[in-house]
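Pasting the structures in now, so scroll down.
Two complexes follow with chain A in common, the first pairing it with chain B and the second with chain C.
On to the complex of A and B.
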């Protein structure tokens, strides 16, 4: 992963970058909570960056599709990744821990927020985590988790199951871990 | 809360194939998505960039059952794990000798020459047998060999198999015919946009790579070694010269090469087959089509390593998979210089080691595939190599040497020519006897007790504990002594020579002819053999630095060495399959089994040389070496010259001569048995 901060600390610091670090933005969640965040962290979200560039970020940026709890998590992520001197290895470890404790519902909230805010790294991380969680799960578990109703007849389902019986071997229990 | 479709799809592309197969049943829209070619390509791409997705396919014979087994080596956490794959029986029956070609988009092509081609997607355990090509072949010509390439056209999502056939016409010319199969249409079509610009190497079997939509072979364009590549999308050929300044092919140390996929490029490995300590010099091809000097860059060498025979592929980015001298598969890590045994053996020379990477991916059902076995898919990626030799073809229409065409070499071709040039060994369609594999398997089982003299005393065992040069000399002397002599007598003579330190060219040259004569007595013609040994030792010393000649021609110039022995010495001494070694046992049994006939007739062959030519027409090359000790042992114990023991033979049901030669209890054996009796 390429370093976001191309300028080593203390050398030829770009005045624009320096300004971003000190300038703060306010993000407002769907349930009305407000969060302060440095501009340099906020613009890791391409959506927010666009808003800032287009100058529509006057004062408070409303994010009507993200609730407070999720936004708080996203901001934790952004702050870490904008942190000066955090090595790639450190960030990787942070990402790992960041998603590991999340329940499926939270992962969904975060993936939606990351998708909406266009935060590539976070999106990738959460998608991977969701895929990892679901790979050994049953079809029923997937339907329940993704809120999908089956539109196959039981016969059709049975047929597919029969044809690829080996793919049904070694499926975990439906209890979420 | 529902996820937007694009997010869901992104998540699904990260799942292993097994999960996707299961989740096709979640709902109809998922089912459609998972079958969509765009999704499949994307999934393949995602999965293949994941660490640890590399898989290595091995095609080999099981040590105990002797059945063809295809095993898959994959990462399992930090460990490497090997699992045998289910090969449907129709494939096992259909392919005596499966070559694995590819992989391409997760699909391997299984090839049993000729015309047995199937696509296999190991990750979803699906197969498709390709239809036979109905295209007219060049008139008045016989298909003598074929090379296969596989590829995926990303633009049309079409999986292609190409077949480069070489045909010999009745006026002794070689012509190529290139045919391309498309999975979209499920048919073959003739390709005539371009001529095949280079001759695929005889040993190409070690050296095919599919990279960046190009299928590549190691080939030769006139005298220049090249990578021949075929762009599967644009359907054009291209050649890329090998780097200049690499060691010349062949020679005394049997310099050879392998072309293997390495990450996103193609690696060329140059090494000396005959060195005990091998150094593998590696070049990386940066770009196809560039010119020699510029498109290759030199990478770090690996080695010297001892106890290894040949490189089979790269694994885990920096490790290399090798076949060890004991025919086991080993992994070598150049970083910590550690070897790891993978616990996979092949029988004698039969470890048809596969290598490469498979990236499991999803299937695409084929349009129009209806029957159960036809129901297949494609998407997986493998790479394999097998220890079976291949031929090289002439570029366009070109005169061929008579001796190759009519299968009657008057003067045997020189080795380099034979090995790396033209090969007459590819089995033509019609001559392969029915059930030959079952027969071989039956004999192997009968022979598994290993109680025939050949097992302990055959000349291929001579000096097996000696260093290579001395071992080769021992093999040569042992073959010389073996004519008209029983194995145990030869063995005794060799033991006595060994005890007296008389088994090197130097020692024999210095020794007194009378001493040698005494030591080798009672082998047949012991005095002529003793004198020949002296002459051979002199030639070896003056011309070959005490080693034995490394070419058939060189061997044939030695006094007392005929074609049979020369082949045996090439096989055993140089570990180089130049031809089947036919002795009286192989000759007799092949005829009894109806495996051989005189050209154009159904009559049995009259000389071992004729038998050799006839067998070589169809017997796959990987059997060429093992068939000699196998049939010799069988001939010494069961299928004996006189009164063959058909009653205890387990393959008598396949043998047209069974019980026909068993004389009535009172009759006396006839001496003329071998050559005169008709077997039919």
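On to the complex of A and C.
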């Protein structure tokens, strides 16, 4: 699938783009960790791009809603997508591997960060991964994996199991893949 | 229906960060994700998973039952869907179980059984006859020696609506056929019912029309030419127009249409140079176009597609050649059912336990196992009949405040 970067690095010879590649920004996580990142990679996040444009950055961009571990992951993603000469195919493969090993908790943290930072490609990838994990799983698996407690009454639960018995049968093993 | 309690913890939090967890992983609940993100996740899931997720907690039940979610789900769903029927004629005294088959872009399949609810059940002398489908709705007749009762239902939400009795005569000599479609101008679903004398199936019949959710009785139409009764689906509904074959005598078949908006009968010109033959031709709706499928030749399938109904000039011809199919897929008996989002054509394959997904560009095929003998193109809806019959555009109106 072709991905559209707002700044197609490599094809662009305009001097402003060149400057963005060499200029670095510092992103500061909620727990005070600082990360350096090229501007061209950082602005793949629409939220960061807006901060840079509004010049409210002042060198260090605080991201009080993203913890260090999650920010490090997001930066790995941004760097790959801003990389010179990385083909669409290469990026697609990277995206797949990037999300495939993540635990559900990590996926949640990354999806929240991608939503907050407005990184469309990453958001799409993580949402898809979360959805893929839910396919063919039991009701119990969804409750356990997503930390949800049933708040149906025992009578309601009984009724649902009777009326929609199929929803409790023939599902994939609850052991996570 | 379960009451809604405080299940949706923080449903509307917009991108609130996880608790300070250092580099550790937070133990967020799914319900703490922003609603827009949750919706997008569920758009990628089959109806099968949506229905299961409803039973997880009252918060998800509420979110996934919301009509606005349901409307957007249908618009965004990447799945190709088919309704599977166990056999063409259902048995006396039985409520058949249909199955929704959802096929993903990489040919994963999900099957969900229907939950038809018939008030009072089906007695040993009655049987159900499927007549038409449109937007998740199905229309069936519960045939009984004393009276035929017509139902409109959503087989997956389970709710149904009994249509009023017909004014026209009943009895063993008379039969009914139905067409169902959505009328854009009225923003309502309409049903065309035709009563005809079974002894003269190729004759004319009495037409009646009903706007679902508006009319409380059938409105009479002038004499209508009756469609040729076939095993399944007498009328093909495309963009608010019903189409059917009429056998008007030996080797004299023609195409009729009924515009549900104008409530007017018309004759459709044949594709240029084509003599209609019921033995080898079918009418289907393919990508919202009327399509006449001709399987007379053993080495090709001809698809005549009509861009604008009623205009003979707008027929266009597509040919699928036998040799573009892989050698291990026998060509005879293939009948197109529906088209996937990426342009693959799904073919039903009579007498075989599979359907075939054919990619016209790469000329490749995938077989998908299906044991039910009847396969119908069908788009499921998460909306109940009550919600569906309000029309397609009502979600834009201010009805979500409840």
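Criterion: the second predicted complex is superposed on the first by the 164 of 177 C-alpha atoms of A that agree within 3 Å, B and C clash if a C-alpha of one lies under 4 Å from a C-alpha of the other, contacts with A are read in each partner's own complex, and residues count from 1 in each chain.
Just so we're on the same page, contacts are C-beta pairs under 8 Å (C-beta built on N, C-alpha and C of every residue); 3 or more make two chains touch, one makes a residue touch a chain.
What you see is a predicted model, and the numbers here were worked out from it, not measured in a lab.
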Given the alignment on chain A, is it a clash or a fit between chain B and chain C? clash
Partner chain in contact with A:144 - chain B first, chain C second, else both or neither: neither
Output check: A:65 vs chain B and chain C. Expected answer is one of first, second, both, neither. What do you get? second
Is A:166 contacted by the first partner chain B, the second partner chain C, both or neither? both
Of the partners chain B and chain C, which touch A:136 in the superposed model: first, second, both, neither? both
Comparing chain B against chain C, which has contacts with more of the residues in chain A? C
Pick one for A:109: touches chain B only (first), chain C only (second), both, or neither. both
After superposition on the shared chain, which partner residues are touched by A:80: those of chain B (first), chain C (second), both, or neither? neither
Of the listed stretches 402-410, 420-428 or 510-518, mark the one in chain B with C-alpha atoms clashing against chain C. 420-428
Shared contact residues on chain A, chain B side and chain C side combined as an intersection? 108-109, 111-112, 115, 123, 127-128, 130-132, 134-136, 138-139, 142-143, 146-152, 157, 160, 164, 166-167, 171
Using the touch rule from the top, collect the residues of chain C that touch chain A in their complex. 2, 5-7, 15-18, 20-31, 33-34, 36-37, 40-42, 44-46, 48-49, 51-53, 55-60, 108, 110, 112-113, 115
What does chain A use to touch chain C in their complex? 30-31, 64-70, 103, 105-106, 108-109, 111-112, 115-116, 123, 127-128, 130-132, 134-139, 142-143, 146-153, 156-157, 160, 163-164, 166-167, 171
Which stretch or stretches of chain B touch chain A in the complex? 1-4, 6-8, 10-12, 14-16, 18-19, 21-28, 30-31, 124-125
For chain A, which residues count as touching chain B in their complex? 108-109, 111-112, 115, 123, 127-128, 130-132, 134-136, 138-139, 142-143, 146-152, 157, 160-161, 164, 166-168, 171
